[in-house]
């Protein structure tokens, strides 16, 4: 059974390889009547595409998407929405060194072990190029959430290696995020991150980091206990992104060090008569169901596996070899991963928004 | 759409409330021919049940399960396996204070917001009593994995509040784990943890912590990119356990601070001709597919929400109230959560083991 | 992957064997707030239970069900509803002749071929006793549909062997159906059917027939093209009932002989301004979506496989043997199958009613 | 929740509208290592495409498909296979009459009722043009079944209106089927069918009929009781094809008139030691599981809804109107539906072949 679909009421299926003909997605379950065009989607892809700055892979891809189905006269029809981008700047020759060689930290070996062989051109299906399809689908979900449900999704780079931003995630705008080359709205931290990435890139090495996500405007009630909790689906979504090794909701690992009396978020009624909590250690979810407080989560990315430094490994014939990667790679994926985190969060929230329509007899 | 099923090829559905008649599970998709009886399952439940020690809730539940279907002449038949335990020591009166009152950090409010009302007896469905059903199903998966696939699942308490064990997770036996009252095989740390839990219990407060999980004997090839990665399904499984706020695979959040050249696990061939890696920052998964190295993961639990200390909150009529919980609660759930982590890990691995049967034409 | 769940937004999972401890169902996805008690369910089971008349199996089973979870203070809570009946009148000894012998027309051989062995007591999981669980779940769906959506489900025996009723399916009440021993509201046909069943029972043989189903009060819009059409899900539901060999919606096989100009149902506006069709060859569905006209369908049942006449067959050792069934069997299942058809129809319609909530942006 | 996916272990998702940019399919779950190219797929599409003969719609579509992903160096990689054909001969103007008008027997009204509006160009998503995608996916399944499992799928036109072929379905070759303009291998019946279709076409009317399907080479053991029976999934697959109103497995509706002693298929051992049945009223399935005998089923198609004769109906403004269809339509869809029936049957059997891999511990 393949694993290329995500979501239950809103279900996306992605397809395509890094150096194949195209990468795309089919979105099934989007309600009819949502205004939608390529102009709603392309800007998100532009945030993800390579070649944005000197800090990202120089591969030249316009990532120019087209809607092939499911939209008529500017509105979704309730039928599957297929969105696809053709691959353009393919240089499979860059990858011939990896053809019979297992890059440390990469999926070369595990794909071979599972499938018997693999499309080695640009890492094939295991390339982060697949996330283009997620960003396209996520743009549809973001539009829906904003327009129909008043929900906003935002994420930004909070940490690159050990450089951390201390900004309050509730006080950040998309504009501030995109003004930073590394999508860190903290200008001081951003400058340090840029410098570190430049340095490490020059060394042929790579960096990891942490992205913070925030979802606001959520009603209380989203999430389906006991397995499809809002944050367990969100965690799965994030952990399905290339290079992600950790996920936290609310207090996360730090919360493990608090006492109950410190961690519990006290309920109160705000002046508008809305139930609120004074703190948000929960990260917006209790019992797997949204409380109406903002969703707050963090996503840890390991450093990029493909590096230009020499490494020892083995090849498909099980001989010891050394490897020094050519190819066009990001020294740090986090700036380009921000729209991917956005997209996956939006898809999860929209799925649960739809599922919640039938929570009770009305 | 309800969220009470978990798994694709192996699918479990749990049911039951804390103070209802019973808690149970239906397991669908377990292959026929596995030897199985209550004796394979009960020991896992005994590790989870309340009243094990002075550190856990004193609720008296034998958690005595019975197999109602799917087993004939001592073997699974390929039909659904229903396993159930009747609730016995119900004291709903202990919970009447919470009936109209939203405990901080608990699911009372979010359930009301979603469903319009809730079964308030012992937290109803949101009680960790539901995990009894998971442990029962997980015991079946553990038996299958051991017997059919040679795979072992093990987990233990690595941290309570800020007390950490530094033991190498690869050198720990189940026996060592269960010899500790808190299921921490590090005797020094264990003693400190016990003392801290006793102290905090006396204060009417509660503690969180971290459980480490280890899965060994895994073949390379388990996991279905791009969404049903082995570790994204594992993360979702863990995040669906009550009180869990974070999940890491391999290097996790700490890995975000490493460089690629430090993080990448070098491949080599061991003396038996098996592909291995010299380190295991990946935690046993590359590209969402197992490498054959042990799965290593960590799960963060927040402190128990229900505490005996006085807290301010609101009630269902939206009035400000103060609350001091009676009822029988664990000051720290981690010792009893170990078999739950085991169970969810086993269910995920067995599901993917089955799914992998059709990875390629043979 | 097991096949014991049915439905997407409303999902049921059944468990249990004919002579095991119990038969039951977990219903996941029923909205909270529906009034529900055993009294809503038991009457449907009483229509299905054995021993109703001299025409049915004399097995003595009260089929007395109990709700184990998901209902609190008389209302559904939105959590899984588990309903179960204990088996009581077990006589596995009646089946020992079949233990190593493949009854013609029965599932003995195919279960052995698939699973390697089988629970031979009373046909185990392949017994129609499993449908008890469906009827229980269907009773919940019927209650929901009536109370929340104004939809009624009705079915009756239209044919036993070659005796046919010609009544207009739109002019029949449940009372008229249940007044007939064979659940055929056409008194003349009913009397003939009873006589034929008595005769064939005396001969040790068995009969098949056809059940007609009618669903009224349906809004236009239910059904999800292109695969989850309302009638393709309905057909699957019916074909999953023991002994069913055929399904028709609307004109069915007879419609294959009409011309387009005869078959097309002309649209008009009734005096209340509602869109109607002058005929209903479509059976209430166009393009897989309900039109608002009644759903009309027919379900063909083969004659019962287990008969008292001597038959030749083989045994598990692949020797030729002759077989003459003891045990307690119905000579014709149709009278008891009526509530099963009702139940499956109700489950399909409720599932699609929920799914349709998100058809469009509102 | 959309309904555009089909299958569990092998899952297809189709997209596209009749006069949109393209129609295509994503296949997820096809094992890696199957040799596959466009040349395996195009011939099946050529059997479905319009303009094959004077009996079919004259729309000029090459239906030239391309594989966009999931195949590398001539073999499937285990990743999603996307196959798509661009629409070419679009004439939406032909459909402007239907833009605001509900054709009797067509999905215009029900789509509007569900989604609030519809893509009216060539019936949009409700057009049988969508089945192009199914045929493409089915060609992959047919290749797999033949090559990996030794299973063959075949179907042919058995009846057009009241003209019936009496040929033994077990003695028919694909060549004989394709030699007939109407895909009826009975030459006498075929000639009559051709003549009748010509006559009815001249009258501006349309015809229905019945397709017979045969699957041979099946092992015993495919099918998952109790809901995912082999024939209930097969029935659902057929009922999801445009214009299908009925489905029978084995004896079907005629079987309802037989006695048990007539209907039961006696088991015996053939000279090769294989378990066989002397008759095949069951149609190859007992208890929802294949017996190893050929699958035999029949599918009833209503006459095409869009006809050139004048009909009364209403428009979107709910006014009475008369309608006479222009556009390019088939007077009888059956000849072109044969590859669609083939495709859906192959997809169901392959899905169950994969699912059966885990039926028991081996």
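We call the chains A, B, C and D, going by the order they appear; numbering starts again at 1 in every chain.
Assume contacts are C-beta pairs under 8 Å (C-beta built on N, C-alpha and C of every residue); 3 or more make two chains touch, one makes a residue touch a chain.
Here the structure is a predicted model, which is why all the values come from computation and not from measurement.
Counted by residue number, the contact pairs of A-C are over half the same as those of B-D, the matching pair from A-D, C-D or B-D.
Centroid distances built from C-alpha atoms place B farthest away from chain D.
The interface with the greater number of C-beta contacts, when B-C is set against B-D, is B-C.
With rounding to the nearest 5, the Cα superposition of chain C on chain D corresponds to a rotation angle of 180 degrees.
The mean-CA centres of chain A and chain B are about 26 angstrom from one another, to the nearest whole unit. Our note on geometry: chain B versus chain C, Cα centroid distance of 39 Å, whole angstroms.
Averaged C-alpha coordinates put the centre of chain B at 45 Å from the centre of chain D. Among the residues of chain C, those touching two or more other chains are numbered 1-5, 8-9, 14, 29, 32-33, 78-79, 114-116, 125, 225, 354, 358-360.
Chain C contributes residues 1-6, 8-9, 14, 102-107, 109-111, 113-116, 125-126, 130, 159, 161-162, 200, 205-210, 219-229, 231-233, 235-237, 239-240, 242, 245-253, 255-269, 273, 275, 277, 281-283, 285-292, 298, 300-307, 309, 311-314, 318, 320, 355-356, 358-360 to its touches with chain D in the complex. Those residues of chain A that touch chain D in the shared complex are 1-5, 8-11, 13-17, 20-24, 26, 28-30, 32-33, 66, 68-70, 72-73, 75, 77-82, 84, 114-119, 121, 124-125, 354. Residues 1, 9, 29, 31-34, 78-79, 144, 147-148, 225, 354, 357-361 of chain D touch chain B in their complex.
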